[in-house]
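Multiple structures follow.
Two complexes, one shared chain (chain A), two partners (chain B, chain C).
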Partner chain A sequence: MIPVSRGGRRPVARPSAAAARGRRIATPYLLLLPAGAMYAVFTVYPLFRQFDISFYNWHIFPGASNPFTGLSNYSQVLHDPVVRTAALNTLLYTVITVPAQMLLGLVAAAMLTDRLPGRALWRALIFIPVVTSWVIVSYIFAYLFNAQDGLANSVASLLAGHAMHIDWLAQTWTGNAVIWLVGIWKGVGWSFVIFLAALDGMPRDLVEAGRIDGASEPVLWRKVIIPSIRPAIVFVLVLLVIGASQVFTQVYLMTQGGPYDSTQVLYTWAYQQAFTNFEFSYAAALASLIAVVVLALSVAEVQVLRRNPGG
Partner chain B sequence: MALRRNRPGLTACAIGCAALALTACSSSSSSSSSPSSTSSSSAAKTVTLQFWSAYNTTDAEASTMANVVIPQFERENPGIKVDSVVYPYADLLQKFLAAAAAGDPPNIMRSDIIWVPQLASQGVLLQLGNLPWYSPIAAAALPGPLATTKWQGQAYALPLDTNTQALYWNKTDFKAAGLAGPPTTLAQLYADAAKLTIKSKQQFGLGVDGTDIWNVAPYIWSNGGGFTNASYTSATGVMSDSGTMAEVSTLANLLKAGDIGSDFRGGSGAVSGETGFPKGEYAMYLDGPWAVPTYTALQPPPDYGIAPVPSGAAGSISTVGGEDLVIPKNAANLAATEKFAQFLDSQFAQLAMAKVGQMSAIATFGAQEVAATPYYSTFVQQLKTAEARPVSPGYTKLDTDFSNELEMIIDGKVSVSAGLSAAAQQSNTALSGS
Partner chain C sequence: MARRPRPAATPGLFGIKRRRPLRLTIALAFAAVSVFPLLFMVLQSFEPPSDILSGPSLTVSHPTLSNYPAAWTANSFGQYFVNSIYVSVATVAITVAFASLAAFAFARFRFRFREVIFYIFLGSLAVPSVELIMPQYLLMSRLHLIDSLQGLVLIYVSANLPFSIFLLRGFFEAIPRELEEAFRLDGAGTLRVLSRLIMPLSAPALATVAVFTFNAAWDEFVIALTLINTPSHRTLPIGLALFIGAHDTAWGALFAGSVIATVPSILVYLLAQRWFQAGLSLGGLR
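Entry: the complex of A and B
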């Protein structure tokens, strides 16, 4: 028989203090568990397995023998002339597209924080490329820069006054330039949104006080606005550098690394080695080196920008 | 001492996931069934085999396999069903890799001949040479296709279908240029190409569809050049020998002179031979038998002939193309799979597929397929001297290395000698795993 209280109501069992404390500690971990498990299975494990594979002559078929080869895959990667070209192209892509995306994103955000007619429309237009598929964008740009009937050649013909049939994607520098252009066009909207949020969240009175004190616009930006949105700048910079180091889709779809591997970037070369040439261990060694370099670069960026708040 | 490790479970899962993720954007299978449904129906004791291929779904290839060949096999073999799963060519290898890594490959696959040594070197394929039914089929096969089934002296595949290239020539253009018939020698081919080129009409004497080995090998081999030694272990002294250098120089000079069209260098503005030939852009080019049904369907069809590859110092040598059958190691239902593999090389299956453009790799069916499809005659003749491209796991890389250097030669970035020497050196690395 269930005991009842004097008021006729069932007594409410009070949890012990230890149980409540345990639940309080466990709750955030339980909430994190699904995401953490997925992260462990789909990111952490493959990452460590990739490092592991890079020390073997690894075969894809279960049960095949995988002889240990030590550092030979790393040695092969470091002596491969295509890796040097791909590393240079990846570096150029990063150096050119990251500042361009940040600058254009910041300018667009600054313009659209003020009352501009059609502000919502402009915001949407700038952001649309971000949500458009890389595959679709790459094919559209390949069509725009087609040697026969692409828009780029139509414009070039108009300017030159005679028919131009430049094969943009079949030449080293024009091919690379189109790859950069796609990266910038597609990425500006993302940094724009982050900067827009940062600018909107910035205390207005700081800017107004600066104006009252007679600070010019460049001084206001240098001394007030940029320092105020520094966390957003660090965030955008770190993620854009990581993203740029992973450039893949537009290169794979527009130039396939050609002509003669001169537009190759690190991940298209790694992909080609793994899934075309079946050199899985070589690809794992290359991907591991990229991961180490990008991690070191990201840590360095954050450290430098944190230590040097004055710019 | 070399350590050896086998860790199939999680690794296979991870790589499978990666491969699937990387191919996630590609077009999907045209099969009506799930590729992962390899199973046997225990209720009716019916075995269901998964047969993966990249048969063309826009013409009659895939439908003939699904509606003619497989039903006949199922009638002859009650209790065995075959599920034909057709992927786009570009996806098939990666789908197979992902499935093999996950331990769930199809029972049998129609593989491009150049994939066989690659897959064999990965330890994915079952050795077929010791199976009792293999020898009679191998003995009846054409030598070129048969050469594509071997790796390190062992047979890992069964020749299925084959093809090769021959010279398509435009009769109207030849008549207009005062030429009586197709060239029979390489020297005549190049002289005719110059005569047939009319720059004002954007008409090129010759189309060469790319710098890869498939497209340039007929010229290089016929002139006595080559790519690797006979055992496919080294390119030194072969890829850069006098025959190869002379032929590469000739082709580069013809391109410079404007006698070869845009297809040779490639790029986004290039027009392929098959597209440009019926429009009068190319007066001659090399192509396989699949172009004939395309031209027959055109209104009006072009007035053309098909001739053997013109002979050079080494004769008339074209490239062997086509597909082999491969069976993954440890695949389920092996006995039923073996029956199906033998059936696909039977007279019924080979002649049924020959009618829809799949030339038989079995020499003994040559006369019958020509009787049913007369335009095969030149190709069947050409196949007798056709050669396989280097049969090596490193072929894809070798092909890319050669093609890249040839493009650099064409662009004037390197000399013929330096380019081919570099290609040979790079190819040696690709061949080192052979």
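Entry: the complex of A and C
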């Protein structure tokens, strides 16, 4: 314990000016140290380690020889037909679920930004899918779309007029569609809260002025409202594209990438290669490649969206 | 609620009271679609095991509570629940503490490579859990942290730091500097300013970070699946996946277990909800 002066009047020993300056310079780095150390050890280092492994024919057993193979893992990845399917499925997932989530999120936010009876309740309910577990949601939808008497088949039977037993998750297109549906259903609430925050915070006088000038509702949205929540739109778009490129859990739990790898996405295939087929170097090359592409895309996206305020 | 007061004279986006029935209908439709699968889950959790695959069922003919004790006692589900609480609470506590320190550095200090370091953190927003799982597995086995809940916490904290730092930095920057200067004149040091001034004023942002982090840890599946071998160290998502059998699935128990597993995440969200919206709107998104 440091002795504390009683009266508070005794002059406290002051460190020299140089020491104080040194401390001021060191302070931000000290503040960053805990987070930075965790992040360096458990995120940055593994990223480089994986990149390193991707150049070897690498075995997990200690003592096994791991010959350097240069780019051969990458060439194997690029010539793998499953990678092509998985890349296409990931792209489709992105192109379909991202606009759907944004559009639905924006519509829901627009409905709730003004006073409405029960507003807080609707807002909480619409956000609930976001805070439920991917694992649970995947199983609920697997059950709704099960081949025997799932709710989806009941609805299909009702529409068709006779009993239908579609095995939704065992066919390529219906399987993919259910994967998309889960992604959209679980994601809308997230873009909804961010759009709602943006709409709530935007100044209303411009909209009012436009309305007095006789602008129609669509014109107001295109010319006034959308431009003024542009930062939120850019933020949601960038993070949703990143999120879509990371699609994994519902595919892994609902279709396991089947039938015959036709619903594989990039990360389910990488995970299967590493932990089912024990092709560690292949998985490392694939994962490194995905990371580089997604990072580059995100940076490009941010640049383009920042530079082009009209788009 | 965190509804921001708006001057009474300012009309809403659609003008006062315009199209209220239409807006209410659409809002209701969104809310209904959002909760329907979860209501369905709750409903099915009361269905007796024999009835569960006997036709389309939006109604439960012979409701029973028996799935709940069955789920709780299956494969030491109670233990998994406790494990998940431990992992999630520890992850939230450490993430909030470390992210606040780092965000304070980014928000209030000028130092060399500040933006570079910030973007190195942000870059990993593009990196999901699955991306690093293999090298993390190797790292953890070298650190003898395979199969341990502490090992999971370390990885979860690291994964949740970037978004948390990003959100908190934006919020901290919006707090007027004059307040801080007044505090410092009273002799408060950096940590005191952070813990007694900045953090209390940032309750909305901290609550938002806590909700996101809690759910990320509570829900995390693939890392726990890969790193945990010992049954008694499993977390809830792994426990739920165990109900799915190759040939027969205990749907009733699965849904009862899912209801139990959903309660804490919804509870955390509802507790934090009053700050949540403000946390998002005043954070980095302005």
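Couple of notes before you dig in:
The rule is short, and it goes like this: the second predicted complex is superposed on the first by the 285 of 311 C-alpha atoms of A that agree within 3 Å, B and C clash if a C-alpha of one lies under 4 Å from a C-alpha of the other, contacts with A are read in each partner's own complex, and residues count from 1 in each chain.
Simple rule for what comes next: contacts are C-beta pairs under 8 Å (C-beta built on N, C-alpha and C of every residue); 3 or more make two chains touch, one makes a residue touch a chain.
Just so you know, these numbers come straight off a predicted model, no measurement behind them.
By the touch criterion stated above, A:G210 is placed in contact with neither chain B nor chain C. After overlaying the two complexes on the shared chain, residue contacts for A:W185 are found with chain C alone; chain B is out of touch. Shared-chain residue A:A270: touches chain C; no touch with chain B. After overlaying the two complexes on the shared chain, residue contacts for A:H59 are found with chain B alone; chain C is out of touch.
Between chain B and chain C, it is C that contacts the larger number of residues in chain A.
Contacts of A:I194 after superposition: chain C is touched, whereas chain B is not reached. Looking at the shared chain after the overlay, A:P129 reaches chain C, while chain B stays out of its contact range.
By the document's definition of touching, both partners, chain B and chain C, reach A:Y45. Within the superposed three-chain model, A:F145 lies in touch with chain B and out of touch with chain C [touch as defined at top]. In the three-chain superposition model, chain A touches both chain B and chain C at residues 42, 45-46, 49, 53, 60, 133, 135, 146, 148, 271, 275, 280. Listed in rising order, the residues of chain B touching chain A in the complex are 2-6, 8-12, 14-15, 17-19, 22, 25, 94, 97, 100-101, 103, 118, 121-124, 265-269, 329-330, 393-394, 396-397, 404-405, 407-408, 411, 413, 430.
Looking at the complex, you find that chain A touches chain C at residues 25, 27-29, 31-32, 34-36, 38-39, 41-47, 49-50, 53, 60, 104, 107-108, 110-137, 139-141, 143-144, 146, 148-149, 151, 153-154, 185, 188-189, 192-194, 196-201, 204-205, 207-208, 211, 225, 231-232, 235, 239, 242, 245-246, 248-249, 252-253, 267, 270-271, 274-275, 280, 283-284, 287, 290-291, 294-295, 298.
Those residues of chain A that touch chain B in the complex are listed here as 42, 45-46, 49, 53, 56, 59-68, 133, 135, 142, 145-148, 150, 165, 167-170, 258-261, 271, 275-278, 280. For chain C in complex with chain A, the residues that touch the partner chain are 1, 3-4, 6, 10-18, 20, 23-24, 26-28, 30-31, 33-35, 37-38, 40-41, 44, 53-56, 58, 97-99, 101-102, 104-105, 109, 111, 114, 117, 120-121, 123-128, 130-136, 138-139, 154-155, 157-159, 161-162, 165, 190, 211, 215, 218-219, 221-222, 226, 236-237, 240-241, 244, 251, 254-255, 258, 261-262, 265-266, 268-270, 273, 276-277, 280-281, 285-286.
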